[in-house]
């Protein structure tokens, strides 16, 4: 697609451009993904948000062994590795690193960036349940974050700028949602691989360019004659789908399956809800980012997350679920165990659980499992 | 069969006779046989200071709790569980608000650890069942939770009617309890907070966090009161605070005396059973107070007499190995000629005893995590450092459970901080607090011996 | 005062005889199945070369994996402490020691006086040890001694990505089937070993002079890969395999001296 070529060209020079912006005094604010940091606040302060979602490479994981023991989530170790290896330009360019503290794996990233890299790190908390006290706590965290941004950039965040940012981010989310929903059709017009790359691009690209690209992509896809794969329809879910970690979606689609929807806490931007800019805008942000956001696996009780996955599987008419997670993410590991049972009981569809530690020698075994699973689903087995 | 062992655990012969039917029943469920009792006796005599009555009495308290735990379902109407890392103080106030016969409270993992683990070294059968039922090997699951789950699924201990758990300290326990809820229908109440303190904040904490956690504590209390048709009044709260305070302060004084004594008067492995009774909800409050008084007297006597388990003048270290289910690791460290002056989390550093303005019980619970290790990685490192400083250690042994992601994250940071601030060497040992299969004293010995030689050489060089 | 240091490792046993602070003679032998017998035989061999008898030894210090099974030793000491001492004697400017043995690898921080400041050790996993090299040599049909020279002719070392010895073996076989040359494969293996060890030692830190010891230090290919991995030049003492035994013998001199003094 022409639009994706435009996006790729943009991404190819994005890092250089960010460098130039920095030279002109614009602050770069990196953040740990998980979906709890409102980019809108960063834009409204005149800074540029960049999600740190690179992953899939074994070298940073190996590098992190000098800073943190092995038995912590792979993605988190990767971030520490990227930062300390010093080879990813984006990681070295950050002026501020924001970590919404969701679980203790993410907290480890913050601790290591603080201590070993001596970076400017700002944390605020994300409670693990959703009553009104939790909401108040999250709101307070956003207020502290807003103060920090204002102090850091020297710019006041006023409602006008915030509304503009909200409008732009809402537009991006709506477009991603519309594109994603096209995959409910019998022949999804866009592959998961392409959709995921668009979603990932949204963490780094200039939002205006991205929105433009998404509009073109949507238009093109709507007018496209039905031609997508008709293979077994899958929901791909798990803890983290990092930018660069495409082996599982690739192998699934090579095996003839069609991933029609993805659900990840980290790495994939959530696009289902938009901010409703009424009343106090900080509360409006909290309402979208905390109250209405479908929770990841570390919320208790986990019923809400399980029910959401079941709904998603139903809405997209999937034939099977692939649960792809990284090692040592206990919430996901344990949840996979009882989710599989729930899936069978409620929807009577099979699930494949895959694990990765970003080790290259995993490819062979992953492929075997994936090909076998796709065959099982294709022949109606597993039901 | 078990008479000698129980006598070693401070049981009087008439109590053994009286309780025989219950004990027989419980030990049968636990599949404890003659070999296990012999092994238990051998281990106790080998690793703990069994000539101290205080040590024996504490062992007895845990053995009684083990029997109570196994028979809980038939002897009580309802069973309530909790476990580390949940704040255990509220449990006692809940326990005192309900009838003893009706509701049984326990911290099952810890009970199994202290008895089946420390004494009998027989946790493996429980771990294996836990591994087969949702907490598989190879994923670094916390063995404490594998033990609990395994014991319940195996039918050794009852499934509870309610589980109380923290959902902020680390993911593992909270999700493991979700498993109990989803698969076995156990209702779970969570105490939530956030570990979002910024680096540089310590030791200050913010009111918002306390109030949030306090609100969750209050929610937990209200739900509990509804479920059990009871009321947690000022009386129960006061009784809890008072008994905790008395015990804690006495324990603290003993810890300090041990840490400043030379030679080291008692093995640190003998203190585990006393320490963990600190906040565990047991109805035998008198028993534990008495045992502590006796132990303190005996320890002070040894200090006065200059009696010790490690030679005088041995290099002093900070160690974190002693919370392990395997006392042989701590003994091994002491036998290489290192005096363990202090171990986490036995000593309450000044910050943890810090003053705060909260009077509501819920808020007092809420401030707990803000004053201690769970608050932040920075707090964990700082508390480690404070411990080392307070006892003038010549080295630190940071034994971390490999499957504990809260602890593991700060291991290297602690090492670098202590090396830099105090200029003493730090040995990092990877192990497992509850699972002896993969990490044993034998495996760790080379590193500890080397470390001991290193410290002795440094000490000798300084003396010249 | 004549002393002996006996280092019984999992793969080889070494005895060094020291007289008045200087190396007199040494012997190296495979450990084989019996640690006790290996210790006896290698010590006898060293004594023969020195031209002295067992009774002439004032103090015997044992070290290594089998140190507690050396019946005739007066004392046992950790191999890490002994290595540091031995290297310090041979290379006085040594501040970091990297030791790759048959079944383990260590990185040791050494002070000016030969005492240890910090250390890191891997004795759980074969990758990054001599065993790894042995397995790979077997796959390629090479003798261990050939590995170094062969690797030095490589111009395009393979990238071996498997972190596990067993899987790396499989990876090697398939790279061979793909037509990669022997020298590129060996160079790739050397790189893999070097990078495993280099990362492990980062907690200790690398300070010059960095000295490489253990049997594997005789492999020039691994040496070069290590130097590249840590970004510092590497020194190999003349007899890298006997550093542990040498250190033990030297420590024995101090022990014997102290024993003398306490007798008076």
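Chains: A, B and C, in written order; residue numbering restarts at 1 for each.
Simple rule for what comes next: contacts are C-beta pairs under 8 Å (C-beta built on N, C-alpha and C of every residue); 3 or more make two chains touch, one makes a residue touch a chain.
Keep in mind the model is a prediction, meaning the values are calculated, not measured.
K.L.:
Could you classify the connectivity of these chains, where an edge means two chains touch, as line, ring, star, complete or other?
P.N.:
complete
K.L.:
Quick one: most central chain, C-alpha centroids?
P.N.:
B
K.L.:
Could you tell me the distance, in whole angstrom, between the mean C-alpha positions of subunit A and subunit C?
P.N.:
47
K.L.:
So how far apart, in whole Å, are subunit B and subunit C when each is placed at the average of its C-alpha atoms?
P.N.:
Inter-chain centre distance comes to 41 Å.
K.L.:
Using Cα averages as centroids, what's the distance between subunit A and subunit B in whole Å?
P.N.:
Comparing mean C-alpha positions, subunit B is 38 Å from subunit A.
K.L.:
Of all residues in subunit C, which are in touch with two or more distinct other chains?
P.N.:
In subunit C, residues 203 touch at least two other chains, as defined above.
K.L.:
Quick check: what residues of subunit B touch more than one other chain, meaning two or more?
P.N.:
412
K.L.:
Can you pull out the residues of subunit A that are in contact with at least two other chains?
P.N.:
66
K.L.:
In their shared complex, at which residues does subunit B touch subunit A?
P.N.:
134-135, 139-142, 167-172, 174-176, 178-179, 181-183, 188, 190, 192-199, 208-209, 211-212, 215-216, 219, 376-378, 400, 402-403, 405-406, 408-413, 416, 430
K.L.:
Using the touch definition up top, name the residues of subunit B that touch subunit C in the complex.
P.N.:
Against subunit C, the touching part of subunit B is residues 412, 415, 419, 425, 428, 446-447, 449-450, 453-454, 457-458, 461.
K.L.:
Please name which positions on subunit C make contact with subunit A in the complex.
P.N.:
Those residues of subunit C that touch subunit A are 161-164, 167, 171, 195, 199-200, 202-203.
K.L.:
Quick check: in the complex, which residue numbers of subunit A touch subunit B?
P.N.:
66-73, 101, 103-105, 107-108, 110-112, 114-116, 121-129, 131, 133-134, 136-137, 140-141, 297-298, 300-303, 306, 327-331, 333-335, 337-338, 341-342, 355
K.L.:
Within their complex, state which residues of subunit C touch subunit B.
P.N.:
77-81, 113, 115-119, 121, 123, 203
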